[in-house]
Structures are given as C-alpha cells and as structure tokens.
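Below, chain A partners chain B and then partners chain C, in two separate complexes.
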Partner chain A sequence: MLRLDSETGKAKWYKNEGTKSIASALVSILIGMCVGMIIIILVGLAKPEISTKGIMEGIKIVFLGVFSTGRAAGAVTFGFNPVNIGNMLFRGTPLIMAGLSVAVAFKTGLFNIGAAGQYLMGTMGTISVALTLGNSGIPSFIVWILAFTAGVVLGALWGCIPGAFKAFLNINEVITCIMTNWIAANLVTWFFDINDQFKNGADGGKVGYTIPLSNVDVVTPRMGMDVIFKGSQANGGIIIAIIIAIVVYIVMSKTTFGYELKACGSNMHATKYAGINSKRNQILSMAIAGGLAAAGASLYWLSGNTEFFWSTYQTLPADGFNGIPVALLAANHPIGVILSGLFMAMLNIAGLQLKTLTAYNEYIADIIIAVIVYLSAFSMFFKEIMNGRKHKKGGKI
Partner chain B sequence: MAPEYIIEMNHIRKEFPGIVANDDITLQLKKGEIHALLGENGAGKSTLMSVLFGLYQPEAGQIKKNGEEVKINNPNDATALGIGMVHQHFKLIDVFTVLDNIILGAETTGKLGFLKKKEARKKVIDLSEKYGLHIDVDAKVEDITVGMQQRVEILKMLYRENEILIFDEPTAVLTPQEIDELMEIMRGFAREGKSILFITHKLNEIMAVSDRVTVLRKGKYIGTVNTKDVTKQELSNMMVGRPVQLEIVKDVAKPKDTILEVEGLTVMSKIHKKEAVNNVSFKVRQGEILCIAGIDGNGQTELIYGLTGLEKATSGKVTLCGKDISHGSVKVRNEAGMSHIPEDRHKHGLVLPFTLEQNLVLQRFKEKEFHNKGFIKFDAIRNYALRLIEDYDVRSGQGPITIARSMSGGNQQKAIIARELDRNKELIIAVQPTRGLDVGAIEHIHSQLIAERDKGKGILLVSLELDEVMSLADRILVMYEGEIVGELDPKETTAEELGLYMSGAKKQGREQV
Partner chain C sequence: MVFLIQQTMLYAVPLMIVALAGVCAERSGIINLALEGIMIFGAFVGVLFIRTMQENNLFGQESGQLLMILALLTASICGAIFSLLLAFSAINLKADQTIGGTALNMLSPAIVLFFINIIAQQNALMMAKGGAASWFMIKPSTFGLPNDHSWGAFIDLFINKVYLATYICMIVFVIVSIILYKTRFGLRLRSCGENPHASDSLGINVYKMRYAGVTLSGFLAGMGGFTFALTTSNCSSTGQVAGYGFLALAVMIFGNWTPLNIAVGGILFGLFKCIAATYATLDINGDGVCLLAEIGISSYVYRLLPYLITLIILAFTSKNSRVPKAEGIPYDKGAR
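== the complex of A and B ==
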C-alpha cells in the first residue's frame, strides 16, 4: 500500500519535513524582528530626542543592518557594504561551528551545553601551539595545521568527558557539561596565568591579553576574502567552516556511521538489541561535538588579529552558548546551521550599526536575538500547526 | 421509557491523510451489555474508540448518550460522561508508583489541597482484592511487568467508577486464569449495570463473554450480530473477509542436531536482589519449536536477555552452533546465528522515529550489500525494504519511508519478523511474537514460524498464551520462579496440567534432554 505522490513517487515538497523546518524558522525570525520593531518604536516614542525619522532609521537598520553604508546629508544610506558583510562572515564562523557542535549532539540524542568549555579548550590548544611553534623555523602553514589540530583534539577530548560519564555511569550530560565548562574556564585562566610567554606585553597598559597570532605569522589565509570584502576581518575561516558543515551533513545523513549515531540517539535500547556499541557511539558523538566547537575557536583566533582575554574564569564565551539557538533555528540541519549562524552574526552587526548610526544602543539586537531564541524553541509547535494538527496522535493505518 | 441504548455512535466517518479510517460506522451499546468490537489490525477499531473517548473529532456522524446528542471534544468530556478506557498501549507514567498512577487526575484532596493518599490507597487495595487484580501499589511502573501494568490500567478505570468501560485488547498479556477472572469481572460489571465495550481479536473470549459483536473490516461497518447466533468460524470470516484457518496445521517435527545448548544459566533480577533465572539448562535442536511457557514475570524475560546478551548472565554456559557465546556481545551472538524477535517491540524492536526501511536494516546496514566504503547505498536499502514489505505483507501508509511510529502494532510486528526471519539465522528466538495481534496476523506469523522450523531452523518461543503454546510447540518447558519446573509433550498433556505447572502447583525432577 504505497501512498506516495502518484506522479513523482516522492512525498510532496510542501509536506517535506525540511520545508516545514525552514518555514518554522522563518516564522520565528519574522516574529523576532517584529518584536524588535515594536521595541524600537516604543523606545523612540518614549525618548524625546528620537524623532519619527529616527525611528524609521532604527527599523531600517535592524532589517538591513549589514547593508547600511553610513550617513550622507543627514540620512542613513544603504548599499553594498563590504566591511559589514565581511565582518558578518568573520563573526559567523565560530557561531556556525558552535551550532554544528550542538546540532550533531542533538541528532544523537545528547544536549551539548558544553560548547563553551570545548571552545575554551580549543582556544588554549590553538593559541599555545601557534605561539610556541610560530617563528621557530617551521613553515607557518604547518604550524597553522598543528595549531588547528591541537585545538580540535583538545576540544574533542573535553567533549569525551561528559560523553563517557553518560555512557558508563548514565549521568546526564547537561550536568557534566556545565561542570566541565567551568573547569575549562579556570583551567584556561590558570594556564595563561602561569605561562608568561603567551602574554601580550607589547602594548603598554594592556593586561590579560594574549599575543595576537599575526605576530608570529600563523594566520588563516584570506582566500580572496580581503579583496571582495575590503577593510573587513573576513578570511578563509568561513570557507573552512562551510566545508566542515557540508562534511558533517554528508557524514550524518549519507554514511553508516551517521546512521549508527542517529539510531543510538533515537533509541539506545534498540541499538543495543541490534548489536551496535551504543556506549562507544555516545562518547564519539560528544567527541565530535567537542571537536566542532573547538574548531570554531581555532578558526576565530587563527584569524590573527584578535587577542584572547584569558581571564575567563568569570564569564564563559558567549559563542559557545549561542550555538544552541543557531542549531535550534536550523532544526539541527548542518546546512541550515550555516545560514542561521550567519543570520545571528548579521543581527550582531546590525546592533553595532544601531549604536554608531542612531541614538539607539546595540542591546536592541540582543533583544531580537533573545526573542528568536525563545521562539526557535517553539519551532516544533509551528511545525505542528503546519501539519494541520491532524497528525497529533498519528493516524494509524 | 429509558432509551434502548446508552451510547450510540451513528454514521461515524474519520479520515486521516490518505486513508479513511472509519467509513460510515454505527455502533450501538445497550446498558448492561458486553459488546465486542472485532476487526483486524487497521480495521478502524482503535480510531472509533478514540473518537468516542474524545481523542479524535469525526468528520461526520453523531454520538448520543441516553438518546441525547453529545459532543466529546477531549478525554475530559468523555470522563465526565462516565466513559473510561484501558488503552492498548498503556498510558502510565513510568517513574510514578502504581498508586500515583491510579489516582492521577482523580485525586481526592483535603481542604488545603493535600493529597489524601491513605484513603486512595485503601480504595485501590480494596478494589484490587475485590477483583483479584494483584498489584504492588508502591512499586514504580517502570519496575513492574507488562501484565501488572495492564492491571494498573484496569484499576484506574475501576477507581474512577466509570459506567461505560472500554477495554482495548485487555487480555493480551494476562494468564489463562487471569483471563477467566477478568471475564468474571466483566460479567460482574454488566450485572451491576455497567456497559462494556470490549475490543479484541480473540474469538474464544468473544464467545465466552460478549452479548453482541460488531465487526469492522478495513474501516467499514460489516455488521452487528448476537453472539449466541454465530460460530467462531463465521465471525472470523466476517472479520477477515475470507475463510480463515483457525487450527494450526503442522507436520510432526523432525529434530536434528542441537543448535543451542544452555547449561546452568543464571541471571540476576534488575528489580529484586535475587536470581530471576536460576540454573536453567536446556537444548534447542534444528527443526523443532521449543516453547517456554509460564506466567508473566517468572524469569522468561531475563532468560531471553541473558541468552541474547542484552543483560550479563551471572554464570552458566551458552553454546550456539558449536560456538561458546557465554561472554559474547550482542553482535557476536547475532553473527553466531541468532535472530531475536523481542518482547517489547517499541523498546528493543524498532527505532520509532526512523523510517520503516531504516528499521529493516537495523542489524545489517554494515553489510557490504548496503554500503560502499561507509556510504549508505540508499537504493539497495530501498529495494531490500520493498522486497521484505512485499514478501512479508507489511502494510503502512507510505511504504519504505513510513515512520515506524505511525504504523499499527501488527504491522510493526510484521516488520520486525520480516527483518529477523530474513536474516536467515540458525536460531530464532521469538518472544510473544503474536502479542496484541489479530487472527489474520497471528495465522500469518504462526505459519511463518512453522515454515522456518520445517526449513531446519531451531525456534525458541516464549509465549504466555496457552493456546499458542499447545498448538505451536513441539516441546514445552514450563518456567516458574526462574526455574524450569517441567518438560511436557504437547501431544500428551492438557491445558489444565500445563496450568498446574505454570502456577507452581506441580513440579518434576527433570533429566537433561
């Protein structure tokens, strides 16, 4: 009793799960933007110094932030802004990686809230290896590879810890992830505290920063990004991130390995019954998740021009946690993560534009992100509405 | 004059995308009668009951109670009308105790909103004693057997003092004695003036207890008859739409070499700190069906877990096809020649969010046939799935890409059986393979097991159903409290004698086979 589309033999596109995921993500984004707009209007009305024109400009920037080109003749102008778009790609890179990390874990039934800690371990690995081996006569592209690998491996090992606790002792990974996050924060702070050779002493008055990797010439190639997006921080990191996302997509959906991981995530008992080593797979998925989050950190610091503020024991890096909304918004689809990661970065840039170009401050962008995060958790709900709610109890046949 | 019917469902129509589950169905329930609802898997019984219970809204038709039209929008409405239901798949909270589950939603509280658990407890215990539904009120649901969970469900309804009781396949997991008791309880309810809707596929029970039967087939209303006017054969013909073989026909077994040898197997219980399986030894030979009979919870589940590697055995030796697999992993055992149709198809048998085709290659996806250097050969899996679906008559909404969760219980089971039999292993372990299935499906599965036996496979069958044990087995081992208390030849024993062994009243000193 096959009941597929009579012509194509496939399920109709609008009934496709993917279509519904995209549509529900767009609904979340749209509502988030509308809430942001309302806030801008309310703030504008409440503050006498903001005119109606100012309100309109604020709204425009929220929607078209990356395309704002500054002010001319008293009005905000829009057009192709290579700096903004390039910076969006640059800031999107670690977000995409953190999003992939969370998405892979989700697909295998685990909630990786430990991306922040894995990100820090990746930071430590990459920066220490790059600064130690840079300028030591080893060709810098080899140092780059070693530094990147060191970061990824450290992050993967860090991810293994909650994975192993879950697999062998059945301790919820959320708890161990939170703990390993703070352990990582303190470990990293301590590590850079006692290793003076990594500290940036060159700029007078700066305390607590590491030497930028451009000083030792271990920098991700720009891969033409500096030509297209002149004046921005964009580099080849975004291309590497996109390639990794595509690889993750292929591994998760086209290989037996991905099938195995997903099966373990969906029903551990059944995989045990089928003779699949579910314990090993749980550890592996957390290792992959950890490696991905750490790769985000590596790519970020290997851009060269950023300095790591290493006193992290008080605050965990936001990029790690932002991986969760990025993954949710993309319905855990690796390719979708690229888009949602860039979208988050775009809102970030829009926030900065609000601050520099209007009387508003950048926190409005944060509110919009917060609303979207909130709503992306509802994406299941939107999907259900799109399913007409008829399927609610599953039509048995 | 009181209306003739307490509940009337007139011309109900319910559609799901791509299928009409109920097409113009009429069901009239008289006060104080036991009304059976009979039909194959997918005939629309559960859907019809879900409409009555307020889980679905029908596209057409009306529901009347005592002659007045009512609108049942959700289960709360149904409860307010005195309608209670025991679902086929239990609606219990695993981490709550039995008592908490029973009172959930119908809690009695004091003035300040505190639970009056003592009273509830007393009421539950009284009810369970009155009706012989033995439960451990303080055990957590996740720790008790399926059989006991069923009893909790029934007690839930009794606790709410509903007057219209829907039983969806209630006897599937009960022992013969318990079934008899339940039948008695149902008659008692009917005498008290309660009305019972009894969904079942077991013709014996219908003949024994019901007053009238409504038969559905493929979503359509076939007819309503008085039970005393029809025979079992007539009913099954109405249900299936063709003459059905009710008796199992099989040749005498021709057992050959030993395939599986179990010596002194001991497995610890997960619930209690004692042996669930205690020093059990037996052999399974090629070309025979060895049946492990016993009342639910006497160690059968743990025995199978120990054999299949799902749990570690404390001691004992297991040899499969000449290979010592006592300490082998599940994978090693599978490869040594073991197929396993698991007891709990949702927990072990299927990855429910996966598609049917993904489930059909659950053990085999790493075989050369299905991948190329780690990349899944989607076409190969699709073709394989299509073949199994065809060969084993697995029905589903969208064929290979149907999500396993959305399939009916019978077809989920058929899919598992297709997968396990097609792996073509020497030993087939089948645990309650026909639980909750209808006559047509049972006939199909039984004949498949016999065919496998005749091909020379060794079959280890665990069954709680006496009929199945008596008609299918070539040899019977009875398990009681973790031990094998008797070995019987089905041709020389009776159901009554088997019952005595199962209840522990009889025991034999057994020689090794």
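== the complex of A and C ==
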C-alpha cells in the first residue's frame, strides 16, 4: 500500500519500493557480515594458536579487504591498494554478467539456475574459436569479436532449452536448468578431452588447463585500466560489462519488448489476453539470459591471462551460481547489479586477503554470500516489517 | 560380474536414499533443492565424527562397524538439523523454496570447506588413521576367517568386500517407503503436498507435517551423503559430492515420485555412474575382453546420459506426471 504525503500528494521517499529494496539488501548484507564476524570470533576463541589480535585482524579484513596493503611490522595495514581494487573490477566482470542473466530471467518470471551451464558453453565457444583462429593471420580484434560472439551464441542456444521446455511443455525451468547444467559440464569436459590442440602442454605440472588466450594474442584491450590499477588484472572487460548492463536497463525499462517481457513475469494470462506471444517471450528471455551468462565467461577468458580448468565434469563454476545473489541483492535492477556484482567481487578479494594474511581462509566469503542469499529469500518478510504490518499475536506467521 | 554388481550397488544405494529424501519433502509440499548441500554436510559431520573418535582412541579397529553406525547416525541427525534452515524459511517465513534451497547448497560447501581448512590445513578431511577399506569394509577377516576365504560366488556377492552402511540404507529405504505409503502419518504427510487446505480442514496441522517431511528428508540426505563419502571416496570429505544430490533429483523425477520406480531409477543411474568410473578396465563376463572400452564411447557420455534421459522423460511425461500438486506453494491458512 502506498502512503501519500498529505502536503505534496506524492509518495514519501521512504515508502518507495526502491528504497525498501535497497534497505532490505543492506540489512541482508549487514546480517551476512555479522554471521561471518561471529564465525571468525568463535573459531578464534576455539583455536589456541589464534590470538585476540588475530581475531581483530580477521574481522578488519572481512570488512575492509580490498583496502588491505599487506603486513608491515607485524600488523595488517590498510590504504589504497590498486592491485586489489583492479582485481575486484576484474573478478566483478563475470559476476555482473551472471547477475544480469539471472535478473533478466527473474523479470520474465523464470528462475535461471542454469547460468553455470550457460557460462560453461560460453567458455567452450570462446576458447575454441580464439585458439583455432588466433594464429591463422586474421587480425586479432576480428578474432576477438568472433570468439566473443561464438561464446554468446552458444550460451544463448543453451539457455533456449529450458525456455522451450517451459514454454511448450510447461515444465518447471529449475529442473531443466539443473539437468542442462550437468549435461553442459560433461559436454565441455568431453570436448576438451578429445581436442588436444587446446590443452596447455607447455607448462609441466599444469595438467587439465587450456592454453591462455594471451598466447595467441586474442586479448581484451586494457583501456587504460593497467595504468590506473597498476599490477592488477583489470582490463576493458569491466567497461564492456557496464555498457551491457546499461543496454539491458534501457531495453527492459524503455522499450516495448522489455515491457512485454516484464508483463509475462507479472501475469502470464493477462499477457495472453493482451495479445502478447508469451511463449516466444519466455524462450527469448532465457536466450538473452544464456547469452549474458556466456558473455561473462567470454570476457573472463578473453582477459588473456586466465587458464580454464577443463576437467570440470564434477563441479560447476561458482560464478554461475553467484549470479543468483548478485541479482537478488540488486532486486533485479540492471544498474543495481553492477554495484552488487562489485560487492560480491569485493568479498572474494577480502577472502583471498584473509587466506594470505591470517590463519583463516577464503571460504568465509562464500559463507557470507550464502547467508545473504538465504536472507534475501525472505526479503518479502523484511518488506512486510518495513511496511509496519504487525504480526497477529498468537497466530502463526 | 560380481565386481560390476557390487560397484553398481555402491553408487546406486546413496542415489536411492537421497532421491527418497527428495520425495519425503516434496510429498509434504516443500521443494528440497538442498539435497546436494545436506549430503555434503552429512558427509563432513560423519567423517569429522570418525576422525575425532580415532584421535581420542575411543574405538579400535575391531569395533569399526560400531563406530561406522554411530557416525552414520550422527551424520543423519546433523543433516536433519541442517535441513531445518530450509524448513524455517519455507514454512514459517513463506520464502521462495527454490532460492532457500540454493542458499543451502551454497552455504554447505562454504562452511564445510572453511572448517576443513581450519582443521586439516588442506581441502580434504581424511580419517585420522587407516582407510575405509581396512576399518569398515566387511571381508572374511571380519568373521575371523583368512582373507582369501571364499563362500562361493553367490554369497561373496553379498558379504565379501561390501559395506554395512549400504545395507542399512537399503533397510531404511524400505522402512521409510512403508511409512510414507502404508501408515496414517504417511497419508497425512502426502495429503499436505496435494491439497493442504483440505488437510487443514480435517484437523491436520500442515505446518507440523511439512516440518516432518523436510526433517525426514534431511535425515535421509545426511545418511546418503555419509554413505557416499564412506563407500566411494574412502571416507573423506572434500566439500563436494560430485553432483550426487542433483543426480538424486533426476532419479526422483525419473521415478515419478514413487519408491519402487526410484529404486529402479537409482540402480539404472548407478550403473551409468559405475560404467563411467570403471569402463576402461571393465570386464563384464570375465573373458579378458574389455567390451565397453573397445566400443570406445567416451566415459562422459555415460556421465551425462542420466541427465539427458531425465530431460527426455520429463518431455514425454509432462502431461501425466505424479508431481505433488501443492509443492512449492507456501501454505497460507488465510487463503482457504
């Protein structure tokens, strides 16, 4: 219910839906961080080799991980660290894209848990095209475009499968997404297993990795990122990701097509009645979601210095699943996804700092992320509290 | 042949029990996507229990079976407790069950790997001494006979080089199936997944029934997770169960939410898993020819077949599926 201001006749800013979404996201983040903090304190107290100082350092790094500058004279120091911030932008790129993927599907009323599989298909397309054409004399920026496109197209096609199952057979997309995830994991492993030309045989002891794309010189331009964030892995990928997010925002909120997609998400029967082809829209929405997740993979591998561990048939890439918390935190708003994606990347970096600088390890970041997902599952509950609706006494919620 | 059947059993039994765990939750109306997470948690707790007991010298190798049973029980109970997180968000807070399940799937490996790294300073938690085969496997020496003793092919199949946990899981599978389909409690539980408002009008407490379903589900998934870790990865916990929880979901769909079909599905998919793991050296009829290796189909084909079959079955049976009608919909008393 929207309460109007008695003087201006407009909705008060703090009763606004957007404000509430931001507030409930911040509450989730805060509780997630607190859970991480409590675990750090409890583990620190239980382990005799971790001192009180160690506990304090652990907590500080969880909150200020990207600003840590290493150890000086036995104490953890903080300040502007271009390497960490650059790496945060680099790690944030696939997270933003996966978050966009989940968000677009959510807007159409679909839960895209298949971003991991689409990410893997994009990986396969990009790496195979880039490595095949990289040394054939074609200018490298054309190869870059071809590789990127191949990844996106493969991911989009892979996303179409759950979409088509949903549209034509009315089968829950969650189940089909899970199945296609694992089919993709096995297909990709199979593909790289039988194609020896993509395997990195040069470095001894690195079994199971593909050749980095910098070897064939198909690399995203750094666009000045290497100057600003010296020594980090940051490149133009983050700029491309932000541009894509803005395009998605414009398409979703300013065009007829975007309106049709959102209409399918809010009321399927009404859209049919209004003459919108809801089946086509469901498939298209999943195709776009697949393309976005795959684009994240493409940008990540096209950075050049990353090597893909191809024997992945037993595990799915975490970046695909992390798209879910990114989208949930941003309340499916494409611009918000940029911020929440960078926030997740920041947690990742904080986790790595925790591993190198303290007795704790990087999985604390994953715990925090998981708690945030768990909490955002009942964002409805938070919003209800904020709406001031009191629970009936004695009655069950 | 004996080898193939025994190996298939090792892969199939955890699948069956975890798929039944999925049925318990879905029949009560809650989608349990967190099966994978609960399995990982159960495996971790069980291995940690064994490790702690060994470090404190509370059990010797001769009482290995007792230790294993206690670990299995601990893993199951902790799985049930872990699943309460899902029950709380799905039942009390009426949150989206898919997201809740996904959260648990992310939370479990994170917590498990965090503590494994704290305890063992590496990404795998092993037993403190010995291995699964020397401590927990049933072999002739368990009965005080020399290790090369043979009871003949047929009896060997069942009691030579097998794990007691496999049989416990089979018995529990039968008991839970009977509870679900032949008792008053089971009927009430299933009614909550079909039409909770009708159940409520007849005096059944839908919230309690759904809690019971999810807890039972967590109990079975924890048991399956530990059994999987014990029998196929040498009683170690590495923060993953190779997608078994999701494969169990596939088995559940393949089995159309009924125990007998799930048993068949579990054995079929277990056979695929077993072939994929051993096909290069698999000699089915004992004539020294590795038939499957000569056909030359990649092992990844066997690995992805279960998922592909499930997709195809979904496509063809979507019209007359036995999926519980009220699953995934939070129960709201006021909506009657």
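One rule holds for everything that comes next: the second predicted complex is superposed on the first by the 379 of 397 C-alpha atoms of A that agree within 3 Å, B and C clash if a C-alpha of one lies under 4 Å from a C-alpha of the other, contacts with A are read in each partner's own complex, and residues count from 1 in each chain.
FYI, a residue touches a chain if its C-beta (ideal position, glycine included) is under 8 Å from a C-beta of that chain, and two chains touch if they have at least 3 such contacts.
All values reported here derive from a predicted model rather than from experimental measurement.
S.K.: Go through the superposed model and pick first if A:Val129 touches only chain B, second if only chain C, both, or neither.
M.R.: neither
S.K.: So, A:Ile178: does it touch chain B (first), chain C (second), both, or neither?
M.R.: The second partner, chain C, only.
S.K.: Check whether A:Lys272 is in contact with chain B, with chain C, with both or with neither, and answer first, second, both or neither.
M.R.: The answer is first: A:Lys272 touches chain B but not chain C.
S.K.: Quick one: classify A:Val152 as touching chain B (first), chain C (second), both or neither.
M.R.: In the superposed model, A:Val152 contacts neither chain B nor chain C.
S.K.: Taking the superposition as given, does A:Tyr259 touch the first partner, chain B, the second, chain C, both, or neither?
M.R.: Only chain B; A:Tyr259 stays clear of chain C.
S.K.: Examine A:Phe321 and indicate which partner it touches, taking first as chain B and second as chain C; both and neither are also allowed.
M.R.: Once the two structures are laid over each other on A, A:Phe321 reaches chain C alone.
S.K.: Quick one: chain B or chain C, who's touching more of chain A?
M.R.: Touching more residues of chain A than the other partner does is C.
S.K.: Go through chain A and flag every residue that touches chain B in one model and chain C in the other.
M.R.: Touching chain B in the first complex and chain C in the second, residues 396-397 of chain A appear in both lists.
S.K.: For the complex, give me every residue of chain A touching chain C.
M.R.: Residues 39, 43, 47, 111, 113, 165, 169-171, 174-176, 178-183, 185-187, 189-190, 193-194, 313-316, 321, 324-325, 328, 359-361, 363-364, 366-367, 369-371, 373-374, 376-378, 380-381, 396-397 of chain A touch chain C in their complex.
S.K.: Which stretch or stretches of chain C touch chain A in the complex?
M.R.: 31, 33, 85, 89, 92-96, 98-100, 102-107, 109-111, 113-114, 117-118, 207, 240, 242-243, 246-247, 249-250, 253, 298, 300-301, 303-304, 307-308, 310-311, 314-315, 318, 333
S.K.: Within the complex, which stretch of chain B touches chain A?
M.R.: For this pair, the touching residues of chain B are 16-19, 21, 42, 46-47, 50, 55-56, 308, 310, 329-335, 340, 342, 347-354, 358, 362-363, 365-366, 370-371, 374-376, 395-399, 401, 405-408, 411.
S.K.: Once bound in the complex, which stretches of chain A touch chain B?
M.R.: Against chain B, chain A makes touches at 1-4, 11, 254-257, 259-260, 262-263, 266-267, 269-277, 390-391, 393-397.
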